[in-house]
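Naming follows writing order (A, B, C, D, E, F, G and H), and every chain is counted from residue 1.
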Amino acid sequence: MGFDEAVFCAGKSVTHLAQILDQAQEKGIRLLLTRLPPEQFSQLPEAHRAKVDYEAISRSGYFGSPHALTGPPRIAVVAAGTSDVYVSREAARTLRYYGAASLEITDVGVAGLWRLLERVEDIRHMPVVIAVAGMDAALPTVLGGLIGSVVIGVPTSVGYGVASGGQSALNAMLASCAPGLVVMNIDNGYGAACAALRVLRAIDR
Amino acid sequence: MGFDEAVFCAGKSVTHLAQILDQAQEKGIRLLLTRLPPEQFSQLPEAHRAKVDYEAISRSGYFGSPHALTGPPRIAVVAAGTSDVYVSREAARTLRYYGAASLEITDVGVAGLWRLLERVEDIRHMPVVIAVAGMDAALPTVLGGLIGSVVIGVPTSVGYGVASGGQSALNAMLASCAPGLVVMNIDNGYGAACAALRVLRAIDR
Amino acid sequence: MGFDEAVFCAGKSVTHLAQILDQAQEKGIRLLLTRLPPEQFSQLPEAHRAKVDYEAISRSGYFGSPHALTGPPRIAVVAAGTSDVYVSREAARTLRYYGAASLEITDVGVAGLWRLLERVEDIRHMPVVIAVAGMDAALPTVLGGLIGSVVIGVPTSVGYGVASGGQSALNAMLASCAPGLVVMNIDNGYGAACAALRVLRAIDR
Amino acid sequence: MGFDEAVFCAGKSVTHLAQILDQAQEKGIRLLLTRLPPEQFSQLPEAHRAKVDYEAISRSGYFGSPHALTGPPRIAVVAAGTSDVYVSREAARTLRYYGAASLEITDVGVAGLWRLLERVEDIRHMPVVIAVAGMDAALPTVLGGLIGSVVIGVPTSVGYGVASGGQSALNAMLASCAPGLVVMNIDNGYGAACAALRVLRAIDR
Amino acid sequence: MGFDEAVFCAGKSVTHLAQILDQAQEKGIRLLLTRLPPEQFSQLPEAHRAKVDYEAISRSGYFGSPHALTGPPRIAVVAAGTSDVYVSREAARTLRYYGAASLEITDVGVAGLWRLLERVEDIRHMPVVIAVAGMDAALPTVLGGLIGSVVIGVPTSVGYGVASGGQSALNAMLASCAPGLVVMNIDNGYGAACAALRVLRAIDR
Amino acid sequence: MGFDEAVFCAGKSVTHLAQILDQAQEKGIRLLLTRLPPEQFSQLPEAHRAKVDYEAISRSGYFGSPHALTGPPRIAVVAAGTSDVYVSREAARTLRYYGAASLEITDVGVAGLWRLLERVEDIRHMPVVIAVAGMDAALPTVLGGLIGSVVIGVPTSVGYGVASGGQSALNAMLASCAPGLVVMNIDNGYGAACAALRVLRAIDR
Amino acid sequence: MGFDEAVFCAGKSVTHLAQILDQAQEKGIRLLLTRLPPEQFSQLPEAHRAKVDYEAISRSGYFGSPHALTGPPRIAVVAAGTSDVYVSREAARTLRYYGAASLEITDVGVAGLWRLLERVEDIRHMPVVIAVAGMDAALPTVLGGLIGSVVIGVPTSVGYGVASGGQSALNAMLASCAPGLVVMNIDNGYGAACAALRVLRAIDR
Amino acid sequence: MGFDEAVFCAGKSVTHLAQILDQAQEKGIRLLLTRLPPEQFSQLPEAHRAKVDYEAISRSGYFGSPHALTGPPRIAVVAAGTSDVYVSREAARTLRYYGAASLEITDVGVAGLWRLLERVEDIRHMPVVIAVAGMDAALPTVLGGLIGSVVIGVPTSVGYGVASGGQSALNAMLASCAPGLVVMNIDNGYGAACAALRVLRAIDR
C-alpha cells in the first residue's frame, strides 16, 4: 500500500530498538521511529543516537534521510492548544519524512474564536487539513463547517476527569455536525499523516 | 429553597396524574408538569386536560396560572439545532412558569458558524445564557469564550452511535476549554431554567 | 463548505417534514432526506411522497432532481455482509445525489477471505474506498493493508452482545493496524459519502 | 469574556514554565498558575520561584499580585471532607486571585449531617455556593434543597473502586433531585470559581 | 438456606407461568411471584388469576397464603420519592410473604431534608432499614450516618441521562461515606427483603 | 451511629498523619488507621510508629488499644484466594478493633470446590459471613446458596483484563442468584466489618 | 472451514427471508436459520413455513433435513437456569443440525449447588461441555474446576440492573479462576455449538 | 481437572514467592510460575533463581523439570505482531511445561495479509490454533474463516487510545463473524494453553 515500515517504539527495550536500527542499516533502508520518548532515546547507545534525526516534542526520529521534499505545503496541521502540539508535530514530522511539507498552526482553539478566524483563509487554501484537539474538541467541527477541504480530526489525550484520556474528544469528533469530517484514534498523529498522504496520492495519480 | 413542586410525569399512570391534579386543585396551588408527552396528556380525562395549559414540543403543562411576568428577558435560551428544541423550549416554558421572560434563539450550531456570530451581540446583553446542544456540543464552549455572562450548558440526547444518548455531548461540555461553563444533566431543560432563576434571584436580592 | 442542507428525518414529525418539503419547493431547492424509514415515509401525504425519489433500504430520498452525474465511478463502496447494506446504500445514494457514481460491492467480509481477494483489483483502481462493516469490522483493515487509496471505514450497528450497537466495530477500526485508515461514526454512510466527496474535490481543484 | 490567561501547569516541562513566566514578566502581566504540584514547583529555578506566591494544597500560584479585593465574601466554598480540600482551596485561591473573598467551610459531609446543619445559616447568606464532594457526593444535593442561592457542585476524584476517579460523584451531582444544581468537571475547582465570578459579574452589572 | 422458590416472571410466557402455578398447586406449595407486570398478569387465565393475591405497584403476587405474621414490624422500608415505590413495595410485599411486618415510609428524599428528619426517630427504632432511592441516591448515606441499625441500600432505575438506569444511584451507594452501608442490585427490592430476613433470623437464632 | 472515626490514610501526607495521631493522643482517643501501606507507615516518625499496632498485609493500624474482646467469634471472614487476603485481613482487623473475634478461612475459591465444601459446616455456625473474592467472584453466590446466615460479599481488585480493577467481581456479586446477598464497594473490607458489626448490634439489642 | 451458511434472521424482512429460502431450494441446499422469533416465523408465507422444522424456544429452524446423526452424545449442554434455555437449546439445535447428539441438562445453577453435584458424573463423561449461564455466571467456573473436558462458557443476557444485558456474566466467565475455560459472545449458543463441532472434528481427524 | 497449581506471581512479595518455592521443594512438586517480570525475578535470592528455568519475554518460569514432551507439535501459536509475543510465548511456554510442543509463528497480522497467506497451510495441519492479536484483532477471524481447526483467540493489551488495554481486541474477537471462534481474557496466554491442552486430552482419551 506504499508506506515504509514505521517502528512504534513505546514498550520496546533499548536492546530491541538497537537491533532494529542495525538491521535497517544492513538492509540500507530508512526508518520512521514513532512514540520514542526522550528518556528512551537517551538510553540508546551513542553510536545509534548519532544516526537518528530526533525531535523530542513529537517523540519521533528519522533513521536515514527522509524522502525528498515534493513541493510547497498542501496540508495544514492545526492544533487547538499548545498542549496538543505533541500530536500535531508527530503528524508534521511524519509528513516531512514522506517528503510532504506542511503548514503548522497552533493555539487556535474555539474558546478563543477570533484567533481561529484570523487564520481560516490560510487553512482554506490547503486541500487537506489535519485538526488536532483535546477536551471538547470543537476545532475540527468549526473548521469542517467553514471549509470544503478534506478535514481529518485527531483527538488528543489532554485533559482530566471526563476528558477520559481523549475518549470525550474522540466522541465529540465522531458525532460532529460538520458533514464528512473523518477521525483517527486518540493521539494518532502518525495515522493522520498517513491518511493525508493517501489523499495527496489520490490527487497526484 | 423557593421552587414549587414540579411533577415529573414520565412513567406515572394517568390515574396517578389525575389524582395529583385533583389534590392540587383542592389545595389551591399551581403546578408545573414536565416530561408529559402528547400521548400521555391525551389520555388524561377531558376535564383535567381543560385545566392544563399544555405545549407539545416541550412536553410541559401549567396547571393553574403561571407566576406573573417580572419584566423584560434577562435570559437567552439558545439551541444549536432544530432537533434540540424540545429541551430549549422546556427551559423557556419553565422560566415563563416562574414569571421570567426569555429570548429564544434556534439553529445557531457551530458547524454553521456565521449564523451564530450574527446573534452574538443579542446574546451578550443577557446576564444568563442557557446553551442547548447535542452531538459534538460545541455551542456552549464557543459562547463561553465569546461572552462573560453566566453560561449554562444543557446537552441533548439527539444523535446516534457515539452520541450515546447525550453522553458525548455532556462530556464535551464538562471538558470545555471555556472557563466557568456550568453543566446540567442530559435533556434537563427544566433544571437549567431553575439554575438561571437562582442567578436572577442572586441579582435581585 | 459546499454541501446542501441534508434533512435528518428520524424523530421529526410528519407535519414537520411536510413543512420542510413545502419550504424547499417554495425556495426552489433540492433536498437530500436521510434516516427516513419506510413507515415514516408512508405517513407523508401522497402529494409529498410523489415528489420524493425514495429508496427503502438506505432509508433515503431525493426531493428534486439530484445533481448531474459527473463521470465514471471513482469511489468503491464495499460492504462486509448483506446486513450492512443499509449503510453502504446510504453512502452510495448520497454520492449519487451529489452526482458521483460509485462501484458497489457486497458480501466480501474477511471471514470468507477469498471472496474479498477476487475483488481487490477492482477496488484498487478507485482513488477512494468506503468500507462498511460491523461486528469484528476487519474489512477496512485488510483493505487498508492491500491498497494505497483513501480508505474510509464505517462501522455498522449490526450484531448483538459485545457488538454493543456498533461500538466494538468502531473501536476495531480506530485501533486498526493499517496506516491512515480514517473512520466515521457508527452507521454514518451519509458522512462517509461527504468525506469521499471532499477527496474528489481535492482531486479536481 | 473577561478572564486572564490561566496556565495549566500539569504536563508542562520546567523549561516551558520558566519561559511562560519570563514572557509574562516582559509583558508586565499577572498570571494564575493551576495544577502545579510541589515537586514540579520545586524544580523551577530559585529566581522564578521567588516571584510566585505558591500554595501547596491547592497546587496553585500567583505570578504578580492578584487583583485587589473587592469586598466581603459573597461566595461560600464548602468541602464535604478533609480529603476534598485540594479542590476547594483551588476554588478559593482562584477567587482570591480575581479579588473575590470567600467563606471556606470544611468537613461537613452528609454522613455526619449535624455538622452541616450547624453551618447552614452561614452558607445561606451567600448568593453563590461552591459545594465540593467526592464518593457519594450528596452534599450539593442537600445544600441545593436547603437554600435558594446559586449552588455549583464540584465532584472530586477522591475514593476507590466504584468511585472511579470521581465519575460516580459527578453522575450523582448531575442526577441530583435538587432543582437547578449546576455541575463542573471532576476536580475542577478553578472552573467553579470562574463560574462563581460570572455570577458575581451578573449581580454587579 | 431457607427461602422458598421465587418465580421471576419477566420474560416468561403466560403458558409457562400457568404451568408453574399448576405444578405448585399439585405439590401443595406456596409461591412468591415477582416482576409480574399488570399486562402480563391480566393475560393469565381467569382461574389462575383468582388464586393469586396480586398487587400492581410492586408487580408481585402470592400464590397460596403467605407465611403467618411473626410480630410487630422490625424493618423500616424507606423510599426517597414516590417514583421509587415500585421497589420499596416489592420489598415490603416480600417481607409480608415471609411473615415479617414492616414500617413503610415514603417521599423523604434528602433534597427535602426536613421531611426525613421528622421521621428519623421512627426509623431508628427498627433493627433493619431498607433505604430505596434513585438518581443521586443520597438517602441511605444520610440514614447510615444518623442511625446504627443495619442499613440496606437499594438503588432504583428512576431518572434519565446520567442516571443510566440506576447505575449512578448504585455507585453513589457503594461509594458512600457512611460506614457499613450494604447494597443490592438496581431495583432489587426482593433481594433487599431477603437480606433483611437473614438479619432477623440471625437475631432470632 | 456508633462508630469511631476511622482514618483513611491513602493520599495523606506523613505530616498530616502525625498531626492526626498527636491530636488523638491529646484527646485521649483511640483510632483505627486504614489503607496505610508499609512504605507510608515506615516514613512516620519512630515515636509515632511505636504507638501504633501495625499489620502490613491489611495495611491497618491501631492507635491506642482496641476495644475489649466481647466473646467467641460470631463472624466468618472467608477469602477465595491467597491474593484476596489484603481485604479479608482488613475486615478481620477492623472487627478485632471493635472487640469482635472472627473465624478467618482462606483459599476456598469455587474453582476448587471441595476445599470449600470441607469448611461449609464451620461457616454455617456463624450468624454473619464476610465473603471476599475477586475475578469471577462466585464464592459469595455459592455460600449464599448453601447457608442462611447474613452473607456480605466484598469484591477485590485482584486480576487483569476484564477483571477491570474489581468491577467484574462487583457486578457478579450484585447480579448473584443467591437471594439476599449484600455487597460492598471493591476492596472495602473495612466497610464489610462495619456492616457485620451493625448486624451483631441488632442481635445484641 | 466446513460450516454451512447459517442465516441470521433477526432484522431481515419476511420478503428477504422467503427469497433466501427460495434460492436455497433452487440450489438444493439445506439451511440453518437462527434468531428467528415466533412472530417473525409466523409472518412467513404458509408454503415456506411448511418446509421449515421450526422450534420456538431456540428461535431456530431447519430448512431441508439436518445432517445425519453421527453417534451417541459427546457434548453436554448445561444451563444454569430455566431462563437460560433459549440459548442452550440454540446450541443443542445447532449441534443436531450438524448431526451431533447432545446431553441437555437444565436448572443446575450454583446457588443450588447440590443439584449440580448430582449431575457432575454425567457431565464428566463428555469430552466437550457447553455451560450456559447469566447473571453471576458461576456455573462454568465451578464445572471447569471439577472436570478436565473442554468447557465452553456462554453468557446469557438474562437479568436486570448490573447484569447489563449479559456483560457481567461475560466478564465473570472471562475472568474465571478455572484454567482453560473458553468463552463466547453473549447469547451465542450457535457459536458455542460450532466451537464444540470444531473439537469433535479434531477428535475425529 | 488435571492441571498443576500455577503460581500467578504479579503482586506477590519476594518473600512470599521464596516461601512458595521452598514449600514446593519440600513436597517434591514442580511449579509453573506466570506473570513474573524480570525485575521481580532478579530480586529472588540467588539460590532460588538457580532452580528456576526462567524466560523473560513470557515472564514465566519452571520450578522443577517440566513434563516430558509427548510428541510433535499439534498446536500452532500464531501472533499478529512482534509486540504480541509476550502473550504467545506465555502460551507456548505453558504448553511446553505440560509436555506439548507447539509451532510458533509471528508477525502475520492481517494488515499485511500476504505474510499470513504464506503460512496458512502450515497452520491448517494443526488441530488446535492459538491466535494472539491486539488492536483490531482481526487475525483470529481471518484464520477461523480459512481453517476448520479449533481456534482460540487471545486479545492482547497492546495499543493506545481506543485499544483500551485490550478491550477493543477482546470485543472484536467475541463479535467475530467466523463461526465457533472461542476467546480468552486479555493477555491470558496461560489460559489459552490450558484450553488447548483440554482439547488435546479430548483427542487422546
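To be clear about the criterion, a contact is a pair of C-beta atoms (placed from the backbone, for glycine too) under 8 Å apart; a residue touches a chain by one contact, two chains touch by 3 or more.
For clarity, every value in this text was computed on a predicted model and none was experimentally measured.
A.B. asks: Please give the intersection of the contact partners of subunit A with those of subunit H.
C.D. replies: C
A.B. asks: Report which interface contains more C-beta contacts, comparing A-C against D-F.
C.D. replies: Pair with the higher count of C-beta contacts: A-C.
A.B. asks: If you line up contacts by residue number, which pair in A-D, E-F or A-C shares over half of them with A-H? Let me know.
C.D. replies: Residue-number overlap above half with A-H among A-D, E-F or A-C: A-D.
A.B. asks: Centre to centre, by mean C-alpha position, how many angstrom separate subunit F and subunit G?
C.D. replies: A distance of 41 Å separates the two centres.
A.B. asks: With chain centres taken as the means of their Cα atoms, state the distance from subunit E to subunit H in Å.
C.D. replies: Comparing mean C-alpha positions, subunit H is 47 Å from subunit E.
A.B. asks: For subunit C, what residues touch not just one other chain but two or more?
C.D. replies: 144-146, 161-163, 167, 170, 174-175, 178, 185
A.B. asks: Strictly by the criterion at the top, what is the full list of touching chain pairs?
C.D. replies: A-B, A-C, A-D, A-H, B-C, B-D, B-E, C-G, C-H, D-E, D-F, E-F, E-G, F-G, F-H, G-H
A.B. asks: Under the touch definition given earlier, write down the residues of subunit D that touch subunit F in their complex.
C.D. replies: On the subunit D side, the touching residues are 83, 158, 160-163.
A.B. asks: Touching subunit F in the complex: which residues of subunit E?
C.D. replies: 1-3, 6, 127-128, 144-152, 170, 174-175, 178-185, 190-199, 201-203, 205
A.B. asks: Show me the residue ranges of subunit B that touch subunit E in the complex, using the header's touch definition.
C.D. replies: Residue positions touching the partner: 8, 10-12, 155, 157, 165-167, 170, 185-188.
A.B. asks: Which bits of subunit H are touching subunit C when the two form their complex?
C.D. replies: 80-81, 109-113, 135-138, 141-142, 144-146, 159, 161-164, 167-178
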